[in-house]
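Letters A, B, C and D mark the chains as written, and numbering starts fresh at 1 in each.
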Amino acid sequence: MKRIGVFTSGGDAPGMNACVRAVVRTALYHGVEVYGIMRGYSGMIKGEIVRLDTTSVANIVQRGGTILKSARSQRFQTKEGRQAAFDQLVNHKIEGLVAIGGNGTFTGAELFEREFGIPTVGAPGTIDNDLFGTDYTIGYDTAVNTALEAIDKIRDTADSHDRAFFVEVMGRDSGYIAIPCAIGGGAEIVLVPETQQSLESVIEQLQIGRKRQKSSFLVVVAEGEEEGNATHIATQVKEAIPELDVRVTVVGHIQRGGAPSAADRLLASQIGIAAVEGLINGMRSVMAGIVDRKLVYTPFHDCITRKKPINQSFMRMMEILST
Amino acid sequence: MKRIGVFTSGGDAPGMNACVRAVVRTALYHGVEVYGIMRGYSGMIKGEIVRLDTTSVANIVQRGGTILKSARSQRFQTKEGRQAAFDQLVNHKIEGLVAIGGNGTFTGAELFEREFGIPTVGAPGTIDNDLFGTDYTIGYDTAVNTALEAIDKIRDTADSHDRAFFVEVMGRDSGYIAIPCAIGGGAEIVLVPETQQSLESVIEQLQIGRKRQKSSFLVVVAEGEEEGNATHIATQVKEAIPELDVRVTVVGHIQRGGAPSAADRLLASQIGIAAVEGLINGMRSVMAGIVDRKLVYTPFHDCITRKKPINQSFMRMMEILST
Amino acid sequence: MKRIGVFTSGGDAPGMNACVRAVVRTALYHGVEVYGIMRGYSGMIKGEIVRLDTTSVANIVQRGGTILKSARSQRFQTKEGRQAAFDQLVNHKIEGLVAIGGNGTFTGAELFEREFGIPTVGAPGTIDNDLFGTDYTIGYDTAVNTALEAIDKIRDTADSHDRAFFVEVMGRDSGYIAIPCAIGGGAEIVLVPETQQSLESVIEQLQIGRKRQKSSFLVVVAEGEEEGNATHIATQVKEAIPELDVRVTVVGHIQRGGAPSAADRLLASQIGIAAVEGLINGMRSVMAGIVDRKLVYTPFHDCITRKKPINQSFMRMMEILST
Amino acid sequence: MKRIGVFTSGGDAPGMNACVRAVVRTALYHGVEVYGIMRGYSGMIKGEIVRLDTTSVANIVQRGGTILKSARSQRFQTKEGRQAAFDQLVNHKIEGLVAIGGNGTFTGAELFEREFGIPTVGAPGTIDNDLFGTDYTIGYDTAVNTALEAIDKIRDTADSHDRAFFVEVMGRDSGYIAIPCAIGGGAEIVLVPETQQSLESVIEQLQIGRKRQKSSFLVVVAEGEEEGNATHIATQVKEAIPELDVRVTVVGHIQRGGAPSAADRLLASQIGIAAVEGLINGMRSVMAGIVDRKLVYTPFHDCITRKKPINQSFMRMMEILST
């Protein structure tokens, strides 16, 4: 393999730049040329492809976002679009790809490889941590810390005013972000898609707390929670307990930004190196991940179709700690 | 004056604890006893009043929120409520008050002084910076920095995805928070109540930017903006420019929390000292503030009724810097 | 077991308070009374022992330092001192202990148990991460992030001035803190006790970099590095390359403080729960730790005597990434 | 004036980039071309001069350091060096300069203008805040906040261990950084060059505190303190009070880096605009500053020779608050 391409796709995540840096430097270390493909599959189709050298990635390890930018591409979902993308890669003599992204990114990459034979190794870049094949995804640790810092600030206000705060954090269909935020933020209640906690039980817990003279409450809600989002739940709680001073905060997009944490920079670096070395060693349609501190490559198919279950002991921890 | 009381009232603000600390230590320094009144006027009525000494306020200078807590009191708005509050102060032999809060706090204190003769000196504690009689209010600098950090993170994502972000910051009826956030955050547009920028002109500016190949935009919206809140404005912009990828973030309650900035701790300390010394020197119904780096006492009446205009040069700065 | 004691000992670490909170709430959850022993073995000897309930540990999960304080005790190293400590525990009807600390703490606890039969379960609380029996110690993740934030700031200045910065981070006899700081901080060189990198090779690397027109350098030095501390090494480098603008920064004690990271709060909570439940289940002279995301109890003897080797792949990562 | 140059010189300061951005955009706004001179006077002599446009300064408002880099130039202190610099400016058709820096920068600029007639307007860019002609210098607010965050972390450790910490902060010959750090950090003692506090009085204060059962102390030392640096003072204190557990931390170069605070970004923007508009309006050898929230231009001669006294009331505040 003489020349590879690297791109970021899907929602941006802190640490993507650290991963791009590792990809570029590892390729150069092994004598492989490396090109950056801008805006994911969209830029691949349009030929937004630039040569990267070691200075292209200097001083980016600490930056949020992605210097390669990210975008969705409807056109790549068509055969015609993928043909156009392939033609561009051929034109640029790119023989393999490192794809930094999540489920959607790898689904596209797998299909692309099947149709056109371009090998791709993936790097799990998403704050949601919902990918099978790695204990943690790049960006997850930073997102949790960002959400937790927001919660620390909100607790200042909640305590000062004897209020119940409902804080919504990101995480799509999982409680991966919500649970450490709840445990680390000293929340009384956490609502995540993985459990079946009813609105009634939330109201009951709050009532019990009030009887015990607890004056401020913190409820962390995962955005994918089935009982509805934080605003919806808070409204219903307010109806049930009108004397409760209820407030809602949606932490929102700040969870995607900011300088990556140390853990995310390290993980992104490990995986970036592994992705390039996997590609050089002939791997294709696999994602590089770290499981139990060991490097593993998992077929895209498994990453996409298998569910990574949340550690059930965390729910028990919440029960004990919110005593 | 042998014994004074101190309380915090209205929305909490970072630096309130630093101010409480200064009040307590200054009183003790001058041989005056000091009592903390919990939950503002509400606790005054109920007699939630505790003796404070120098260790009561140790290690709080850096804490967000307020150790004295804050609450609204409907009852204090009645003559009966104020009579009950006065009776409690008499019972506790409290001869003067330091009130840390905003407009509503001082309105209550002025009336209370007129009816019952209890002298109060105020300290401007609110993130909104909308009080006449001081260049900056306690908590304002921290709130701006918190909002700006959020904007820095959002810009990572905006740049990575070529998006237009509408970010709503606090500030009630003024652009005091929004304007430094927009200038410091490198925003293209700022919408504040003080100007009459129409929705049409916003759309026009975005259209011009797009023609100049600008791909990401940041619009900072003050919560009191007349054209509506960030969500409302973003929705209308999306209708006018459907191809724009529009997102909204409401920074929200995190702006009230967190460790106070250096400037807020210094200001809170200066004002806390000044409030106690003013009280000792016979002042009443005035607010201690800093104007042009000098200590001034302004009658509550002026603080409440006079408007502190925003520096018009800031709007010109936005025009130049968003070039 | 009806009543247990908990104490912190050795250097303080962020997350110790989160661990204390978990210990207290887990004990209460299981119907066990819990007492806080102030200042480690020193307070145990003096009987500085206080009852803790659920509110004693409210609002501390996010605080740096330790509410139980920490101290060294010469007297506990004598039989007489340990006898005095035992007498105090008997007086207070304390039947088991949770010790939060490091090597020295556990050495004392093991001896104490052998002599007096008081069972102790340990929690690894040290920023150094040098304890066998757990992948990460409580406080380590926060310390790395703090050091890395300092390095990010220093790089701003290094880049602006074309300088070589030698930054010394903590970590006693290991490179656990230095290595992720170097990888995550984009350092050119890392000096850790585990490798035998000579001063000559450092100078050579810098010379090569200079020939390649690199203008600023970052060298991360672990405090236990055999070639000497950062100041010593920098002085010798300056002698060898006089035209290099060399500066030194010792990150120092800030690495021990600050709000714990999300990962540290979670780890501290997991381990705090596990320590109490281990104690209740009859364990003694073991440390609770997390290895490969699973809870394990390791005999104190192994924690103290066995060395946890640093991941050798990290040194290879440095070589690739500093290309 | 058709074309101007901008450069940064002396120690870097957070906000320098925000100032460069304002200079560039203001020049373009007024139809004036703008060139960046790299590495201060050094790059001016060598002709390291690059055209800047609006995108050159996009996304830098939040960055520490300076994209124009900074360096000292021995050669500019000679007539020959200044002649070479002048020749380069003539070659590049640069008719005026904006110099962002401190005392040394302005001394050079004034001489340069006298000899060669090139008008310069200065912007006060230094963390030391020791320039006459402006209430605050660009970078000062950020540096104070950075030092204060370090102090907050150190206090965690000081409190946990009952220690006396001597923390040295920057500030050359003044206490501008030390004083707000001491007040905002809840320090017991501050040592600054402006006062004559003897070592004996420090020891006495510590002894009194110890008698009052105070167990931890924080002493903030300005680097230019006449009694010596923090290490020197701590050593002598330890000799006088051997039973005190004494530690030293030098906050160091991190004070120069990091994202600028909101206040610094705003100040840098105001001054950058004012500098360019002053230059266009025919000013020369003056520094733009903000005094009592109003824009003022002060002759370089005054900036260099006049001393900006520290607010004496701060020393009284320390006395009251450390009660």
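Descriptive notes on the structure:
FYI, contacts are C-beta pairs under 8 Å (C-beta built on N, C-alpha and C of every residue); 3 or more make two chains touch, one makes a residue touch a chain.
Just so it is clear, the model here is predicted, and its values are computed rather than measured.
Seen from the Cα centre of chain D, the chain whose own Cα centre is farthest off is A. With each centre defined as the average position of its C-alpha atoms, the distance from chain C to chain D rounds to 35 Å.
Spacing of chain B relative to chain D, judged by their CA centroids, is 28 angstrom. For the pair chain A and chain D, the distance between C-alpha centroids works out to 39 Å. Along chain B, residues 152, 155, 159 each make contact with two or more other chains. Viewed as a network of touching protein chains, the structure reduces to one closed ring of chains, two contacts apiece.
Every pair of chains in contact is given here: A-B, A-C, B-D, C-D. The touching residues of chain B, counted against chain A in their complex, run 8, 12, 14, 39, 63-66, 69-71, 146, 150, 152-157, 159-162, 165, 247, 249-254, 256-258.
For chain C in complex with chain A, the touching residues are 18, 21-22, 25-26, 28-29, 54, 58-59, 61-62, 135, 141, 144-145, 148, 152, 155, 159, 180-181, 183-186, 259-263, 265-266, 269-270, 273, 292-293, 311, 313, 317, 319-321, 323.
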